[in-house]
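Working notes, structure below.
Letters A, B, C, D, E, F, G, H, I, J, K and L mark the chains as written, and numbering starts fresh at 1 in each.
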Amino acid sequence: MANLVYVLNGPNLNLLGSRETAVYGDKSLADIEKICRTAAGKHGLTIEFRQSNREGELIDWLHEAKAKAVGVLFNPGGYTHTSVALHDAIRAIGLPVIEVHLSNLFAREPFRHHSYISPVARGIICGFGAEGYRLAIDALAGVLKSEKK
Amino acid sequence: MANLVYVLNGPNLNLLGSRETAVYGDKSLADIEKICRTAAGKHGLTIEFRQSNREGELIDWLHEAKAKAVGVLFNPGGYTHTSVALHDAIRAIGLPVIEVHLSNLFAREPFRHHSYISPVARGIICGFGAEGYRLAIDALAGVLKSEKK
Amino acid sequence: MANLVYVLNGPNLNLLGSRETAVYGDKSLADIEKICRTAAGKHGLTIEFRQSNREGELIDWLHEAKAKAVGVLFNPGGYTHTSVALHDAIRAIGLPVIEVHLSNLFAREPFRHHSYISPVARGIICGFGAEGYRLAIDALAGVLKSEKK
Amino acid sequence: MANLVYVLNGPNLNLLGSRETAVYGDKSLADIEKICRTAAGKHGLTIEFRQSNREGELIDWLHEAKAKAVGVLFNPGGYTHTSVALHDAIRAIGLPVIEVHLSNLFAREPFRHHSYISPVARGIICGFGAEGYRLAIDALAGVLKSEKK
Amino acid sequence: MANLVYVLNGPNLNLLGSRETAVYGDKSLADIEKICRTAAGKHGLTIEFRQSNREGELIDWLHEAKAKAVGVLFNPGGYTHTSVALHDAIRAIGLPVIEVHLSNLFAREPFRHHSYISPVARGIICGFGAEGYRLAIDALAGVLKSEKK
Amino acid sequence: MANLVYVLNGPNLNLLGSRETAVYGDKSLADIEKICRTAAGKHGLTIEFRQSNREGELIDWLHEAKAKAVGVLFNPGGYTHTSVALHDAIRAIGLPVIEVHLSNLFAREPFRHHSYISPVARGIICGFGAEGYRLAIDALAGVLKSEKK
Amino acid sequence: MANLVYVLNGPNLNLLGSRETAVYGDKSLADIEKICRTAAGKHGLTIEFRQSNREGELIDWLHEAKAKAVGVLFNPGGYTHTSVALHDAIRAIGLPVIEVHLSNLFAREPFRHHSYISPVARGIICGFGAEGYRLAIDALAGVLKSEKK
Amino acid sequence: MANLVYVLNGPNLNLLGSRETAVYGDKSLADIEKICRTAAGKHGLTIEFRQSNREGELIDWLHEAKAKAVGVLFNPGGYTHTSVALHDAIRAIGLPVIEVHLSNLFAREPFRHHSYISPVARGIICGFGAEGYRLAIDALAGVLKSEKK
Amino acid sequence: MANLVYVLNGPNLNLLGSRETAVYGDKSLADIEKICRTAAGKHGLTIEFRQSNREGELIDWLHEAKAKAVGVLFNPGGYTHTSVALHDAIRAIGLPVIEVHLSNLFAREPFRHHSYISPVARGIICGFGAEGYRLAIDALAGVLKSEKK
Amino acid sequence: MANLVYVLNGPNLNLLGSRETAVYGDKSLADIEKICRTAAGKHGLTIEFRQSNREGELIDWLHEAKAKAVGVLFNPGGYTHTSVALHDAIRAIGLPVIEVHLSNLFAREPFRHHSYISPVARGIICGFGAEGYRLAIDALAGVLKSEKK
Amino acid sequence: MANLVYVLNGPNLNLLGSRETAVYGDKSLADIEKICRTAAGKHGLTIEFRQSNREGELIDWLHEAKAKAVGVLFNPGGYTHTSVALHDAIRAIGLPVIEVHLSNLFAREPFRHHSYISPVARGIICGFGAEGYRLAIDALAGVLKSEKK
Amino acid sequence: MANLVYVLNGPNLNLLGSRETAVYGDKSLADIEKICRTAAGKHGLTIEFRQSNREGELIDWLHEAKAKAVGVLFNPGGYTHTSVALHDAIRAIGLPVIEVHLSNLFAREPFRHHSYISPVARGIICGFGAEGYRLAIDALAGVLKSEKK
C-alpha cells in the first residue's frame, strides 16, 4: 500500500517498560505502538508494527516490506552492532529506512558505538526514548514527501 | 529566557546551499533559520540562530546559552570529530543539547564516524538534511516538556 | 517456581559426544542433562534443560526464565563471541546467569577469547568439560543461597 | 545418500536477480538451482537446494547434511563475516564444505574481507557470479573423487 | 604426596576482607583457607595454602609443587595480566592448575580481560567470591579422578 | 591471439611436488601445466605457462599479456601478500585476471589472509590444490564467453 | 621582564567553581589567580594571568610570552588532547612551560590520557586541583633558578 | 580577480626565521612572501599573503578566496594533522589548493605523517623549505593553465 | 603515626647520580632523601624513605604504610608501566598516593607513556628531577590538610 | 659527472599514457623524459632517464648514481609502499633524492598513504601529473645550488 | 675484575633439562654452566653463573655486575617480554650485555616476539639451545676485545 | 657437497664499509667473506659467498642451495621485513638457515623489529657487526654436527 510503513523492533524490545527503565524509559512497546499510530495518522500513513528477537525474522519482514510498504522505521536492538545480514537486507530492498534507538548509544559501552545499519539507513534518530519513534515517523513522512516531488 | 533556544552552527555551514549540494542539500542557512523559527513557534519557543567557523566562539556561545537559554540545538560541523573542548563545554553548561547533522555521517569517510559531541548530547538526529533541524526543535521541545514534569 | 533453574545450551551443542571429542569430551548432551539433574537435586532445585541453534530462541527462553526461574546456567556456544542481543537479554532479565564452557576458550583461537556474555554473567566456569555443568549448578545454588540472606 | 550434496544459501539470497544486480548479477536463485542440478548431474550427484535468512536454520541444515550428504556447497551471505556458530557447525560435521560467493568480496567494504567460514572450508570460490556455483559443484566432485582413492 | 594440593594466592590477597569488599567480598584469606581445607577433606585431599606478593616466590612455589603436589589452585591476583614468567612456570611443571578469581574480571577494566595464565590453566573459575575456591577444589578433584582412569 | 591465456606462477612454485606436499600437494608444476593445457583445449584456448621467482619479471609478463592474451590465470605465491606493484600491473593491463592458490590461505598464518591481488582480480579460487587451476581455466573461459556477449 | 610569568588557561576554565565541582573543585578562576600571585610573590615573580576559549589566542599569547616572560604555566584544558599547533608553539618559543591540570586526567576517559603538550613541557603537575597551580609556580621558580646557575 | 592567488599560512609560521631554524630554515615569513610575489609575477599572478594562528580565521579566508581568487597555496602548519574543518572548507570552495610544508613531515614524529588536508589538495610539496613556496606557485600556475584548456 | 609519610622508590633508583645523569639528574638517592626530610619537616611530617628493586617488596611496603602512615610518595620506576599488582595495592590501602617521576616520561619512548599507577594516584608530578620530590611532599601535605577539614 | 641527475621510474610506469589515464594523465614516459630534459637544461643539468619493473634493478641504479650523479629524482611506483630495501639504498648513497608521484596518493586507497621512501627523501612532490617531474627537477636544482654554498 | 663475566639466567631456567625438552633441549643449567666456563676459559674470562626466578634479584645482580664485571650474558626468560625495570637496569649499568635465548622466540607465540631487553642489548643470539651460550661468550669476548682497541 | 655452506647477502650489503659505518661497521663485504672462509675452514666447511640486490635472485640461490649445500647463512637486508616469498623459500628447501644482521635491529626503527625470516630460521644472530658472520658459521657448524648424531 502506498501509505503503509513497517515499524520493526529487534531483540529484547518486547521487555520495554519493565527492563532497565533508567536506560530505556518506562514506556512499554504497546505505548510506543500507539505513539507511532497517532503520529502516522497525522501524515495519512498506516503502521504495521512488529517485534522479533530473531535476526532472520527481521530480515524476512524487511523483504516483506519491499512488496507492501513505502518505508521502514527500524530499531534493530542488539543486532545493530553485529548484523551484516540486516545491512544487506536494507540495501537489497531499496526502501527508505529510518534507524531509531531509545538510548544514546554513544554515551554507553564502546561496542554500541558502531552500527552496521547506519551506513544504509536514510537517517538516524537516537537518544530520545519513546519520543524518538514519533520523530522518526515525522522524518519518514518528510522523506516520502520529498521523494514524491 | 525560559523559552529561548540557541541554534548553533559550526564551520562551513555558512556556505550551505552553494556547497556540495549532493551531500548537504540545496537549502541555505537562512532557509534553515526560517525552518527553525517556524518549528519553534509551534512550541512557544524563540530562537537565537548563529553560525561561526571558530571553535572558541562556539564555546563562548555555549557558555552564553547557559545563562540565557533552556536548550541548545548544535550542528558542530567538522569540529564534531576533533573537539574535546566543545565536549567539555557541553558538560560544563548542563543544558540539554541536541546534536544535528545534515548528512548521514556514517555513510561517509571513517573519520566522520566518531563524534566527541554525541556522548554528551541528549540525542542525535542525523541524515535528514534541513528537515533534521525541524525534527531537532521538536525533539528539544519534548525534552523540555518532559523535564518540567 | 522458586526452585526452577533454566539450563540453556547454544548452537552445535546438540552434537556433543560425536563432535570433536578431543576438544569437547565424549559426553552427550543427554549425559550432561543427567549431571545437571543430579547436581540440582542435591540443592532442591529442578531443571529446565534446553538446546537451540537459534540466537532468537535463546533470547526468548531467557525472557521466559525471567517469569519462571530463579537462575540460569548458560552455555552460549558460538554466540558467546558475537551476540550483543544475548548480552542485552541477560541484562534485561535481572536473574543470576552462570556462563559455562566445556573447553578452555583461552587455549584456543583468539576470536574465542572475547565473550559478550561474561560482563553480564555472575560468574564464569570454563574448561572442565561436562563436569563444568555440575560445578555451575553448585555455584548457582551458592549464589541463590547467599542472596536469600 | 552417497551422492547427495547440500547447496545452502544464506540471508538475502532469495532476492537474487532483483537485488543490486550490478553487484550480484541478474540470475535468480531458481536459475542458480538449475545450474547446480545440471552441473551435479554430470558428476552423478544429486542436489538438495535451500535458502534461509536464519543463522540457526542454516546450522540445523548443516547438521542434517552430516547424516544425509557427502558434501556441502555453502554461500553464507552476510553471516560469512559474523558467525562463529556456523564456523563451529562446519567443524562439527566433518564434511567437505565449499564456500561460494557471487561477488568479489575483496573488492568491497573492509568488513567483507574477513570470513569465519573460510578457515574451515575446504576451498573458496569467489567473484564469478552464478557461474561460481557450477565451478563449486565441479570442485566438490573433484574433492569427493580424490577422497575415495 | 599423592593427595597434596597447593593453593597459591598472589599479590594483595593478604588484605582480603578489609580491601574493597564491594569487589572482593568480606571473607578474609584465613576464611578462604578454611573453605579450601573443608572442601579438600571431602575428596581426601590435603592443602598447602600460601600467599605471596612476589612473582618470583610464586614461581618458586609452583616449582616446589611439581615435586610435592598433584595439582594447584592458583589465584595470581594482579600478576594474571602481566606475567609471562608465571605462564612459563605452569607449562614447565606439567601439573593441572585451576585458575580462580574472586571477582568477575570481565565486568571490570579492560586490562583485566586478558590473562597470561588462562591459556595454560586446565580450567578457569571466576566471579564467585570465596565460593570460587570451594568450586575449584571440587573441579580439581574431578580432574585428578578422571586422570587416574 | 584471441584465444591465448597466460598462466603465471610466482615464487617457489617451481619446487612444487617436492616442497611441503602436505600443504601444496604432490603434483609438480609440469603436472599443473598439463592440467591447464587439457582444460584450456576444451574451451579452444591455448596456454602460455610460466614461472618466475622475480616480482619484476611477473610484472613484465603481465604487461606482455596485455598485448598478446585475452586473460590471465595468476598464482602470485608469496607476492600475493606484499606486492602493490603487481596490484598496479593488473589494474594497468585491464585484462580479466583469475587469482589461484593451491592451499587454503585462510586456514594458515594471519599474514596470508590479506591479498593485494584479490581486489583487482575478477575472481578467486583457493584451496583446491592442482585442481584449482583446472577450475580457474573453466572460470576464465566463462568470463571470456560472457564478455563477448 | 626577567621575572614575569604567563599563566595561561584554556577553554572552559572560565567556568571553574560552577562547573562539575566534583571533578574540578569549587575554586573559581579568580581564586586560582590569587593563589598564583601569592605563590609567585614568594619567589619574586610577577604574574600575567589570562584565560581564553580560543586555540589561536592561546598560541598568540605563547608567542607574546616569548618576548616578555621567563616562563609559562599552562593549563590547556580540552586542547591538551587535540592541538598540534599548541605543541608547535611551545617548541617555537623555547621557554620553560609547566603543564598543569586540575583533575587527574589518567583516572578519566581514555581520550584524556594523551597530551600533545606533555612531550614539550618541562614538567607536568596533575590531579591536585587549584593547589596544582601553586605547586607549578614553585616548580617553575625552581627551574628558573637552576637555569641561572 | 582572475589572477589572484591566496597564500595562506597557519599557526606559528609568523615565527619563521627565529624558530627551530634547523628544522624550518632561516628565511622569515616576509622573505617567503617576497619569493611568492616574484614567482607569481613570472606567471602574471598576484598574491594575497596572510598568516593566522586561528583555525577559524583560516576557514574564513578560504571562503573569501572562493569569491576572489583562482587558487590557494596553503601551509596549514599544525592544523594539517587535526583539522576536519579545514578539510571541509577546501572541499566547499572548489578551488585548486596546493599544500606546502617547509620541513619533510615524513621524517619527523608519527603524528605529522597524517594530513587531513592532503586528500582534498590538488597536490603536495613538502621538505624544500622556503623554496617549496616558489615551486608551489609554479605548480599552481601549471594547474590553472591546464584547466583553462 | 598521624604524621608519617612513606617515600617509596622503585627499581634502579638506587643508582641515581651515577646513572644516565642527562636523563635523571646528578642528585643521588641520599640527596633526595634529604630534600624530602627538609620539605616534610616544614609541614610537621616525618619520612620513612626506602628503595627496592623488587615489585613484591614495594607491595609489602604499601601494605605496611596502610597501618603506619598517612600518605605515600611513590616513584615506581620501571614498574610504573607494567605492574597491575602495584595498581591493586594502591587501591587496596586507600591512602593518598602521589606519583613522582624524575624525568618527563612523555618526552621519552612510547612504552613510558602509560602508567598503571596514575589512575589510582591522587596526583602526578613528573619531569622536575629531584625537585619533584619536594613538590610532591608539599602536594601531599596539602592533600592531607584538605582532607582533615 | 657534476651535473648528472638520475631520473628513476619504478614498476608499471612504462605503461603511462595508456594506463588508467584518469588517474595518471595522458602523457607517456617518453613525454616525461622530454619534460625532464628541457627542465634540466635550464639548470645546466643532464639527465639519465630510466624505468624498471624490478626492485633490485632500481637498487642497482641508485648505487650506480652514487658514483656518477649529483642527485636523483625518483618515482618508485608501487614499491613506494613496500620497499625497505629501497629505503636503505637511499640512505646508503647519501645523495639528495626527490620523491615524485603523478597522482595524489593521499586521495587514493589507504595502503598508498604510507611511503618507505619519504622519510629518507629530501622532499616530496605529489599530485601534479607529468608537471611534477618538471617541478622536481627545479627543486633538485635548488637543493644542489644551496648545498654548494 | 677485568675478566669477570656475569651469566644471569631468569625465571624457570632452573628447570632446564626436565622442562619441555622439545622446546628447550635436554641440557640442564649445570651443563650450560660448564659450556660457559669452558668457552670463557678459551678467552681468559671467568664466569659468575647465577639463576633467579625474581625480577628484583636479577636487577640487583645487574647492578652488582657494574662494580665487578666487564660484561653480562643474560637470558631473561619470561621477563624478556614484560620488564621495563630490567631494560632500565641494563641502561643504567653501561656494560655490554648479550641477550641469549635457547629457543627461537620468533617461531613461538606472538607475545614472545617483543623483547624489552633487545633495544638495550649489544647483540642477540636466539634459537641455538645450549650452544647459544657458547656463541654468546665468544661474541662477548669479541666485543670486549674490540672495545679495548 | 656435504660440506658446502651458502652465505647469502641481500640488498645494499655490497656497499658495506662505505655505507653508514656508524650503523654497519667499517668492514667491507670482501672482509666478511674472508672472515667466513676462515671460520668455515676450522669446521671443514667450504663457502659459496654471494650478494644480490634482487629478491628473486636470492630465492633462486636458496633453491640452488637445496641441491648443493648443507646449510645457509643468510643476511636478507631490507627484505627481512617485507618478503613472504623468502620466508616460503626457506620453508621449501628444508635446510638449516641462520639469520644474521650486522646491526641490532631492535634498537632501530619499529619497521625493522619484525622479520619474516626469523620464524623459519634455525636461529638468529644480530648486532655483532662482521663478527656476527663468524659466530653464525660456528653456530651452523654446531647445528650440522648435532643433526648428524
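Operating definition for what follows: a residue touches a chain if its C-beta (ideal position, glycine included) is under 8 Å from a C-beta of that chain, and two chains touch if they have at least 3 such contacts.
The structure displayed is predicted, hence computed values, not measured ones.
Chemist: Count the smallest number of chain-to-chain hops linking subunit I with subunit L, moving only between touching chains.
Modeler: The least step count works out to 2.
Chemist: Common contacts of subunit D and subunit H?
Modeler: Shared contacts of subunit D and subunit H: no chain.
Chemist: Count the smallest number of chain-to-chain hops linking subunit E with subunit G, moving only between touching chains.
Modeler: Contact-graph shortest path, subunit E to subunit G, evaluates to 2.
Chemist: Copies subunit C and subunit E touch; is their interface built from the same residue numbers (over half shared) or different ones?
Modeler: same
Chemist: For the two copies subunit B and subunit E, what rotation in degrees overlays their C-alpha atoms? Round to the nearest 5.
Modeler: Copies differ by a rotation of 120 degrees.
Chemist: How many Å are there between the centre of subunit B and the centre of subunit K, using C-alpha atoms for each centre?
Modeler: One centre to the other, that is 63 Å.
Chemist: Averaged over CA atoms, how far is the centre of subunit B from the centre of subunit G? Could you give it in whole Å?
Modeler: 32
Chemist: So which stretches of subunit B touch two or more other chains?
Modeler: 54-57, 82
Chemist: Can you name every pair of chains that touch?
Modeler: The set of touching chain pairs is A-B, A-C, A-D, B-G, B-H, C-D, C-E, D-F, E-I, E-K, F-J, F-L, G-H, G-I, H-J, I-K, J-L, K-L.
Chemist: What residues of subunit A sit close enough to touch subunit D in their complex?
Modeler: Counting only subunit A, the residues touching subunit D are 54-57, 59-60, 63, 66, 82-89, 91-93, 116.
Chemist: Quick one: in the complex, what on subunit K touches subunit L?
Modeler: These residues of subunit K touch subunit L: 104, 106-107, 113-115, 118-128, 131-132, 134-135, 138-139, 142-143, 146.
Chemist: Over in the complex, which subunit K residues touch subunit E? Could you list them?
Modeler: Where subunit K meets subunit E, its residues are 10-12, 14-15, 19-20, 52-57, 77-82, 111-112.
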